[in-house]
Amino acid sequence: MNHAVISCLHANLAAVEAVLDDIDSQGIQTITCLGDLVGYGPQPNEVVELVRQREIPTCQGCWDEDIIDGLNACECSYPSQLAERRGHRAHHWTADLLTEENKAFLAELPMTLRRDKMLFVHGSPNSQHEYLLPDMNAFAALERVETAGAETLFCGHTHQPYVRELRQGSIRVKVQQRDQGAPTEQELELPMRRIVNAGSVGEPRHGRTKATYVIHNDNTGEVTIREVDYDVAKTCRAIVDAGLPEVFAWRLSQGFEYAERAEDASHVCER
Amino acid sequence: MERWALVSGLQGDLDLYEQIQKELKQQRGVANLFVLGDLIGSQRKCNALLERLRQPKRADLQPDCIYGWWEEQLLAECGYRGERKAEGLRAEQGEAAVGELLASVDADHLNWLASLQFGFIELDCALIHGSSADVGDRLTGDTSALVLLDRLTRLDVNRLFTARCQRQFRLELSGGSIQSHVKDHAGEQQSEQAVPKRSVIGIGGGRHYTLYAPATDHIEFRIAGGPSNASGRGFG
Amino acid sequence: MGQVCLISGPPGCGKTTWALQRLQQHQGPCAYLRLEGEKAAGLEQGEDSGIDLTWLKDQVPRLEEPATANSTDLEQDNDGLTLIEVQQFHPPSKEGVEGLGDDVRSKLEALQLHPDPLLHFGRDPELPAKDTLEFSKLESWHTSLSGCVWDPNSLSSFWFELVNGAYGDVYRAKGLMNLPDGRAFFCNWMVSQESSQFLPLDATAPPQGRPSRTSELVVQGKALNPEGIQATISDCLLADDVLAMQQQQLQQQQPTSQG
């Protein structure tokens, strides 16, 4: 049966509505959300309330966590002072605007969601801040899925959708223990595992302005990456009307992220 | 031929430390001493050992120390780790053990312990108490090869020396591969990745310590006060 | 007789680049002067904030300014070369200095400079014509950045936004920017070019505190958003404490000098 996975909504109401319409038009009833409902975008309350109203199971994203816990990530999260200042401005604006009820909702979100052999996370099973990029070390990628006890791992955070299949893996080892005689040799056959990145609804970074999400068939395993048009200009107007930096509207309209991500995607800030 | 001595789990035992220092002087070419954490413990007063590590005697091989699981518990309990306390120690050994740990280390050593690094990277080798995932990560010769490879990959080193499990072993990744197929908006890409030739070495703990020669990749597992178990052949 | 050569042209056509080549080829003493030509309706001159002179003097250290040099000497010195650069949107309406407006004529008279030849980009074949654009309407905005030091990655982001239209339709942008390690960069972009130039100046300041040399930004285009540009610049510049910390880190990374 088909189910949809959406991620990184970033308070972009027009994009969220368009994606939900697209999902509804295909008769898909099960939707899972991988967090970052808020952050940078102009409609945090509206987006949270829409997710709540639709009762979409959601795991907590890094922005959702920051709103609840306060900013305490290390500076390496941002590659420049400009990106950091914009991020902090957006954070404080969002935190000031969100209602207590919506904050309470974000605070209650679980770190991960599990259904059958699927695991749903924002960044990685280890952290909301870890990026699982499509070209990360294949064995490390497999370790993330396997250690989490899943066969398919759904993640977001990078804002670039992809489907990665890791197969026909094996590792040979030679082990020498201190009180043993000769070393022993073993071969570990690795199972086939998948990582599916749902992209971003509200802040696409794949080079175009369309919102992205994924559809997965949990019988056949087939994954479709969907791109959905939405009224970008409407969100841009909302950004300006809300008093957020006007340059955010320009960046969104050009298909750029609001603030650049640090290059060292493997870094996980130690709080 | 320059060799490293790798020691851990002294847990305040100054006599053991002096024994090891004496043996190292009798060995050929030992130029560096790395103490991979667990300098302290709850079972004995640790101050004399800490003073000796901080201010070595002239004849001592200078120790380079990193922090380990026990240091992490103490520092957390004393407020050096934000909100966290010594939850690991409490869970494993109970409240009494936390009290004993606090009593075994004078407060004027705390800042020095807090200044210790998580690990060293030397000549493509990582010297860490547990792993880069966590100071308490127990890596052994029985740990899944996939996990061990991940721990090596995180640091991007050829050799990972770990002490947490207190066992002496060498696990060498000797072969294997995996295929990766990626589909995204740009199309599809297929690639194959080989398992790199890397090793994880458990250096032991307490009386058990290890000598390593970076140039020849030769390992010697030793027991302080015992005959040498020179069973470590260089696989490299 | 020493040569006095005057070149004119619209913004971004390559006057300073051509002047640099000419000066670098010249062996003897040389001087440079930048003036603004005839005003045209709807076309704002880019403010002369000293960017071009600073850049040229960095690349040609022996370069003088005619007001300071004894310009009569340079004219009489067979080896002397005086280059005058005039920003002028349209080809001069008349021959000679008369075609460049009263301001230029009176300044040249005061300095006793008699340029010959007078060449205009887009008209005279001796000059390259590839970057000469027709402007019907042009706004201009500039800001002093004296004493300001940029966070390097922020400068990259800001420049990318600026030349790609985040703050209006920018046809031309040029600036001299300071970095925390003591280097300064001449940043130059023209809409007809594929990419920006980021050219480091030869002269560097010690990585300590704020440099006192010329630092400016000039932007020309349409529907410019000065408030937006200024707001972003403010986010890119380093405050005293952050600058001190970055410079301290840079000093710690320096190899220790041999005793």
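Per-chain residue numbering starts at 1, and chain names A, B and C are given in the order in which the chains are listed.
One rule holds for everything that comes next: a residue touches a chain if its C-beta (ideal position, glycine included) is under 8 Å from a C-beta of that chain, and two chains touch if they have at least 3 such contacts.
Please read these numbers as outputs of a predicted model, since none were measured by experiment.
Relative to the centroid of all protein Cα atoms, the closest per-chain Cα centroid is that of A. Interface comparison, A-B versus A-C: the pair with the greater number of contacting C-beta pairs is A-B. When chain centres are set by their Cα atoms, the one at the greatest distance from chain B is C.
Chain B and chain C have Cα centroids lying 58 Å from one another. Per-chain CA centroids place chain A at a distance of 34 Å from chain B.
Chain A and chain C have CA centres that are 45 Å apart. Residue positions of chain C touching 2 or more other chains: none. Listed in rising order, the residues of chain A touching chain C in the complex are 79-83, 85-86, 245-247, 250-251, 254, 260. Residues of chain B that touch chain A in their complex: 82, 133, 141, 144-147, 149-150, 153-154, 167-185, 191, 193, 195, 204, 208, 221, 229, 231-233, 235. Of all residues in chain A, only 126, 134-135, 137-143, 146-147, 160-179, 183, 185-188, 190, 206-208, 212, 223, 225, 227, 266, 271 touch chain B in the complex they form.
Within the complex, the chain C residues that touch chain A are 151-154, 156-158, 161, 164-167, 225, 228, 231-232, 235-236, 238, 242.
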